[in-house]
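Can you read through this structure? Questions will come right after.
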Amino acid sequence: MNIVRRNLLRSAGAGGALAAMLAAGILKPTAVLAAEWNKNAFEAKDTAGAVKALGASSAAENKDLSMTAPEIAENGAVVPIEVISKLPGTTSISILVDKNPFPLSASFDFAEGGIPEVAVRLKLSQTSLVKAVAKTADGKFYTVQKEVKVTVGGCGG
Amino acid sequence: MADPMKIRAQMKGDICDIKILMSHPMETGQRKDSDGKVVPAHFIQSLSVDLNGKTVISGQTGTSISRNPVFGFKVKGAKAGDKVTVNWLDNKGDKRTDEATVG
Amino acid sequence: MRQSIAIVGALAIVIGSLCGQAAAKDAATAEFDKFREVMEDSNPAELFEAKGEDLWQAKRGPKQVALAESCDLGLGIGVVKGAYVQMPRYFADAGKVMDAERRIVWCMVEKQGFSAEELFRTPFANENFTPEPTSLVTYVAGASRNMKIAVPISEPHVQDTYQLGREVFSFRAGPYDFACATCHGEDGKRIRMQQLPNLAKKDEAIRAYQGWPGYRMTGGFMLTQQWRMNDCFRQQRFPEPRYLSDTVTSLLTYLTANANGNVYKGPGIKR
Amino acid sequence: MPNRFVFLLAALLVIAGVARADDYRLRALRMIQNDFQAKGQAGLDRLETDSLQHVCNKYSDKPPAPLLRLVEADQLATVKYPADGRLMGDWREGEKIAQSGRGFTWTDKPGLPVGGNCYNCHEISPRELSFGTLGPSLRNFGRNRGNTPEMRQYVFSKIFNAKSFNACSAMPRFGYIGALNEEQIRHLVALLLDPESPVNQ
């Protein structure tokens, strides 16, 4: 089962009943989506706080977790980032922009069938480290990071 | 109501490549309009990708996602003709569900 | 004195182009190019193509007529595929050479009965608003994707407009003495990090042509060739060209016909 | 005889061609006058060309040599040097001016200070990677050319009125049109020539 959904069930305090409702299609998927948003993590003002709110205490670098990001972004409003995890049993990938007002940008959970490879486009308010944190089924966290430079545009300056 | 998404789901070998374009302002709550007034935050918070009715990837997003978001995902166990459904929901309760057929 | 300055100047230009520029420029440009494909592969412009298609098909306006059943883009009423890459062209019913946006707005006014005044008031998109002609142009442009640009340049009206466009292109005026050609008349130049295609040359004009209509990453909205010309004149420190004016059409005729023979890959995605 | 005929024909064709080009030029000018509207600080008077612009337009930026020298001398005569003779300011201020591309568009507020637009076209400090290439690189400008009084005067003049040295240069006449004042130009001279400036590091 999807980890986020499991958390939801636990916090709802009536896992069995909710699961049954879900299975019966009484709760629309968007209702589930609404309950999932991790406010603490997304509203954390620094990377350390966000990572902590995701439940990661220490994360190690590993060659099986990689990130593709431009060294210099053509436009900070749309920076293409791809994160690929070849770590066995990857259950989630989160992406953070260190210098943004709220660093946590996105967090994805992979159920059976979902391959832990995601491509997103992010806003960078300035030159910053972009960081990915992956979680594996055994509860371990891994990380990778890259610096993306944001440049000034033409004409208007 | 929000505009429809564009979803492309294409088999590449035994992996299904899914590209999603969403129509959404993704307001950070920090931008000021031309009159100098702060534009309130308005952004997608959650999304899910279902294959034949079963969620394979679910995501949560914050204000750092670019306006008119673009996502790329990969799914295994799919075949041509399967149904891919994408849902999103934003912080104001707006939502959208769209479908595509795997090609 | 003058002579020695000139010599030193020439020397500095040579040194500049040999070392400083080359290294820094190429690293950044190469990096942009690497991610260009990724960006173009999933271009939010597609969202506007879809919107434009709905607008094209729907019965709308005071006359409750669909453009699909009333608007001739040059290849017959309702024919969209391939029309974009053959504009600007001469339209006998209007007695004018028209670019795609000008023609679409003409159809909206003449066929559907929309108010020209209203359409002219807010012609370009911003964060909160996308004009209907913008979505329509994006749809029409997308329907010519992967087709060869073929402005009918031998048609006398088009040829005449092309010649006028060439003159507009090189007209210097304003406080900074700028013409279009000041920035777009040489190969391989940049303003800050932005490439400046040489619009007089076939292989470079195509780059400008297929950029617009384009999804602008800054702000995240859709902008058209009409907007591009308008904003170039702003940066040229000129007064504002009227929306859909002969001057703008002539420039678009000049740069599009210069790109004739190339395959159109737009709508674009731009910085 | 046939040779003379061919020559005559060719001459006539050339004249016809020139006449046609002039015709388009005039018609384009009339079309422009008709198609623009004043907006913000950008009035329609900006479409009226001054003598320099007229010459450059007429000769497609390549006026004949005697005219070129005349025009350049004319432009050089517009340069106003500081009364106190001081040509070097603070390169740090110069860097800020060089970075800004603001000024004179219909969306800009009228009045000073406007930016120098320098990085739009030139490589200057090695710390700024986002630079244009319309103009030559100015990297190591002072180191290559020397921080001499003559060089200071040349740089001041060039920024004040670039057309003094190249009549149809792409570079605006920043001092002449009142975009940059004396103090700002001094700072830019320092940015290029001061040995402490990052340009020369």
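Each chain carries a letter (A, B, C and D) given by its place in the written order, and its residues are counted from 1.
Note that in this section a residue touches a chain if its C-beta (ideal position, glycine included) is under 8 Å from a C-beta of that chain, and two chains touch if they have at least 3 such contacts.
Note that the coordinates shown come from a computational prediction; the quantities given were computed from them, not determined experimentally.
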item: Centroid-based (C-alpha) most distant chain relative to chain A; value: D
item: Chain centre separation (chain B, chain C; CA means) in Å; value: 30
item: Whole-Å gap separating chain A and chain C, where each centre is the average of the chain's CA atoms; value: 38
item: Whole-Å separation of chain centres (CA-atom averages), chain A against chain D; value: 50
item: Interchain centroid distance [CA atoms averaged], chain B/chain D, Å; value: 49
item: Chain D: positions in contact with at least two other chains; value: 119-120, 129-130, 132
item: For chain A, residues that touch 2 or more chains besides their own; value: 72, 77-78, 82, 119, 151-157
item: Multi-partner residues of chain C (at least 2 other chains); value: 28, 190-194, 217, 219-220, 235
item: Interchain contacts (touch definition) - all pairs; value: A-B, A-C, A-D, B-C, C-D
item: Chain D-facing residues of chain A, complex; value: 72, 149, 151-157
item: Touch list for chain D against partner chain A, complex; value: 99-102, 115, 117, 119-120, 128-130, 132
item: Footprint of chain D on chain C - complex, ascending; value: 1-2, 5-6, 8-9, 11-13, 15-17, 19-21, 24-25, 28, 163-164, 166-168, 170-179, 182-183, 186, 188-194, 196, 233-235, 237-242, 245-248, 250
item: Interface residues, chain B side, partner chain A - complex; value: 15, 28, 30, 45-51, 54-67, 69-78, 87-89, 93, 95, 97
item: In the complex, chain C residues that touch chain B; value: 41-44, 46-47, 50-51, 127-128, 215, 217, 219-220
